[in-house]
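Per-chain numbering from 1; labels A, B and C assigned in written order.
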């Protein structure tokens, strides 16, 4: 494997991981844009999506390593359709519920109050994940204890699309991640720019008071945004699980921190910024893993974040907001 | 006056804590808590440290565990017999505090002019990074083994009538009372007032001549220093620096829920919060687990293990407090008030 | 405050323009405030009056134009000290980065390999091992890391300094104080403590004496409280010093803001709509208070909607409309100006 091939391989890995991070970062950013709340629970929502997907597959009876004959079978197709409809619905509904119970009553409270509430929700979800992973279900046969990672069925094959002889691996998994994310982003762009809801959402983000005055139901828009962000986290969790073949209760926290950093790096509240931030983080992680050391990757990402914030305090694409006096 | 009344709250709380070992001595062994209490009081010190940043100045600090770890490891390196430094106990604790302050200031330097929410992320990230760094620098920190053995101060190793645990208890209680007393004084000085003003209204405070960046840096450093002192005490009490993952996000959140349950910005509140939250975590849950393992026949249902519920307890404490009593159990002084 | 006639004006805005994205909030505003005056800025809603105030107090930075205080740029000057500090921070960071990258090797060589359990430790040998190990590292990489770290941190700290050249904090130190259109008192503090906060820029206080409660500290604190009481007295709030700021009636809150601003002993006080929401008797008292402030030696710059108040006490009036200055001069001249009349008739129609 020569240097160019190594670099190309790392670019593919970085891009795939970055896309997943971007999907989650979008959830943070959309909510922040509307209610200026860092929804700490978003990462854990993503984690619960993973467990939901695992449970559905367990219900369908797909073994952790389906045989070649099962791939392409009816239940294989059914599982895909079910996953991509049920999990986003589950996460969207759960996010709506969280907003309703834990955030909406605090809308007019000081900034710190909903933020702390979000942290609390994050911990509650984390514990739910721990229990979910520990319940005696067929689907969790592979897990040893509640806290240990659970194997996720290998629904998408690992074979190299570039042929067995190629040193660079580009598998259907990479294709799935990149194509699914890109099409989802396209849909999101259309929703935000072309639909009534998208226009209302942007109006609320710019000026909630004025939006209310022109007859927009601000609470409904915020609720819908939570649903949309939750659904994105749901899709992200399926893609993540299919890509990494594992689900564990702390993954929301691990991946959440990356997504969070991506949102801040790109300028929180800015949709395009989050996507760029996510891809950037994915690429930097891959490069650091390859060329420096896996152990120091987190530290490098962190120092990079601080570096960017020193020169651009509102993130790469974020615009400095001035307090109204 | 209200202020005197709050001072009474603090005095009463410390007074009750002072008689705990005496009451304890007449209770049956199963109900005695003194040996378990020093870590609780050490966490109360972490709570006071966090109060400075989050309670008084209003900066959401999600990485206090990192500074506890820095204090613990600094203390371990400079006192442990595996390294040549071996400085006296008191010097080591103070040095740990200074190193903590310096690190806090270093983290604050590039980030203090950021928006409040960004600071939360930076501190959260820092909490993770410190664990990573401690793990990676295993030539210095001995990785997951931790640095041990560590000694206690001469006071605790005296041949005295009281048990070691009791002597530790009073030592930590004394430090806690001293810090609380000094903080109380600081809050009534121009320095403390500028912290509170920054929390109330940053823009107005800076129009009054408070330099927001410098003030935040100072509070951040003080907070980090107190947490590091607590870390040094913890390492000394446990006899080991422990492993890096002992200082994970959960510890930071526990500290946060302590000051929130007790009342953000309230000194007696932080102590009370620590007793409630850490008490539940390391005393009630532990005793409950002991009791359950005695009565049950050893089925391994996740729901039956009390320690599996702690995230839920911290989480619910935060959400419910924010929803129904966001000022906490012992709200801070509202000055004036005739 | 006495000033000779040829001295530069207390405050001068020169061609100040402020833009937010595509919106121009103030365009090419030039404005002089002379010592000992009561100057006023008037104009319809959204004319850019508060924007001008915010520029002066460092909340916004003008997109172009300069602001001068007694002929000197209001921004902190760029001095060698600033450059030196940036460079110093850079070097420290570079050094820390260089040592940090090699931390394991250095520690191993100087401590782990030389220390024998419970034996005397040779510190000189450790130092020598430290230096020789550092030397033995790939020098171009080591120096590269040092230089990279230094430059980055120096650039970073310089960028951060540049962002804080003109902030509310530096404005107070230029002896400019202000009040706010939407009252911004410290809600959890008493009236007296709010005024004490105003003294932050004039009384430096140290932590150690505060912790030890030294005699000197107690005396200083007594003096501060005495001064604060005098100011409360001055604005007519002597009976409410222990009341929480948020519990005061609206008119009193406005006067408390003025007392708090005066506590910084400013040369110039900016009052942003001080009469908003006041009843006629409160307004009369306020008019008297503003005159008293001027007589005390503090120059006043005022934004106000109540024409009667403005015309009654101002020495000089500047009229803004859509971010541009359309007229200025003494009250009588401004009142006659056709442009002003047009602007205000329009405004009156919109308002009522």
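Throughout what follows, contacts are C-beta pairs under 8 Å (C-beta built on N, C-alpha and C of every residue); 3 or more make two chains touch, one makes a residue touch a chain.
Just so it is clear, the structure is predicted and the values come from calculations on it, not from any experiment.
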Which chain lies at the heart of the structure, taking centres as C-alpha averages? B
Check: interface with higher C-beta contact count, A-B vs A-C, is A-B
I'd like to verify one number: the distance from the centre of chain B to the centre of chain C, where each centre is the average of its C-alpha atoms, in whole angstrom. 35
Can you give the whole-Å distance between the Cα centres of chain A and chain B? 33
How many angstrom lie between the centres of chain A and chain C, each centre taken as the mean Cα position? 41
What positions in chain C touch 2 or more of the other chains? 59, 156, 160, 163, 180
Listed in rising order, chain B residues that touch 2 or more other chains are 110, 113, 203
Any chance you could list the residues of chain A touching two or more other chains? 310, 313, 323, 325
Residue numbers on chain B that touch chain A, as the complex places them: 54, 58, 60, 62, 110-111, 113-118, 120-122, 124-126, 128-129, 132-133, 135-136, 203, 249, 253, 256-257, 260, 264, 301-303, 308-312, 314-323, 326
In the complex, go through chain B and note every residue touching chain C. 81-84, 109-110, 113, 137-140, 182, 185-186, 189-194, 196-197, 200-201, 203-213, 332, 334-338
Contact footprint of chain C on chain A as seen in their complex: 307, 310-311, 313, 319, 322-323, 325
Seen from chain C, its contact residues with chain A in the complex are 20-21, 50, 54, 59-60, 152, 155-156, 159-160, 163, 180-182
In the complex with chain B, residue positions of chain A that touch it: 32, 36, 38, 102, 105-106, 109, 111-117, 119-128, 130-131, 134-135, 146, 253, 257, 260-261, 264, 268, 295-296, 298-299, 302, 305-306, 309-310, 313-314, 321, 323, 325
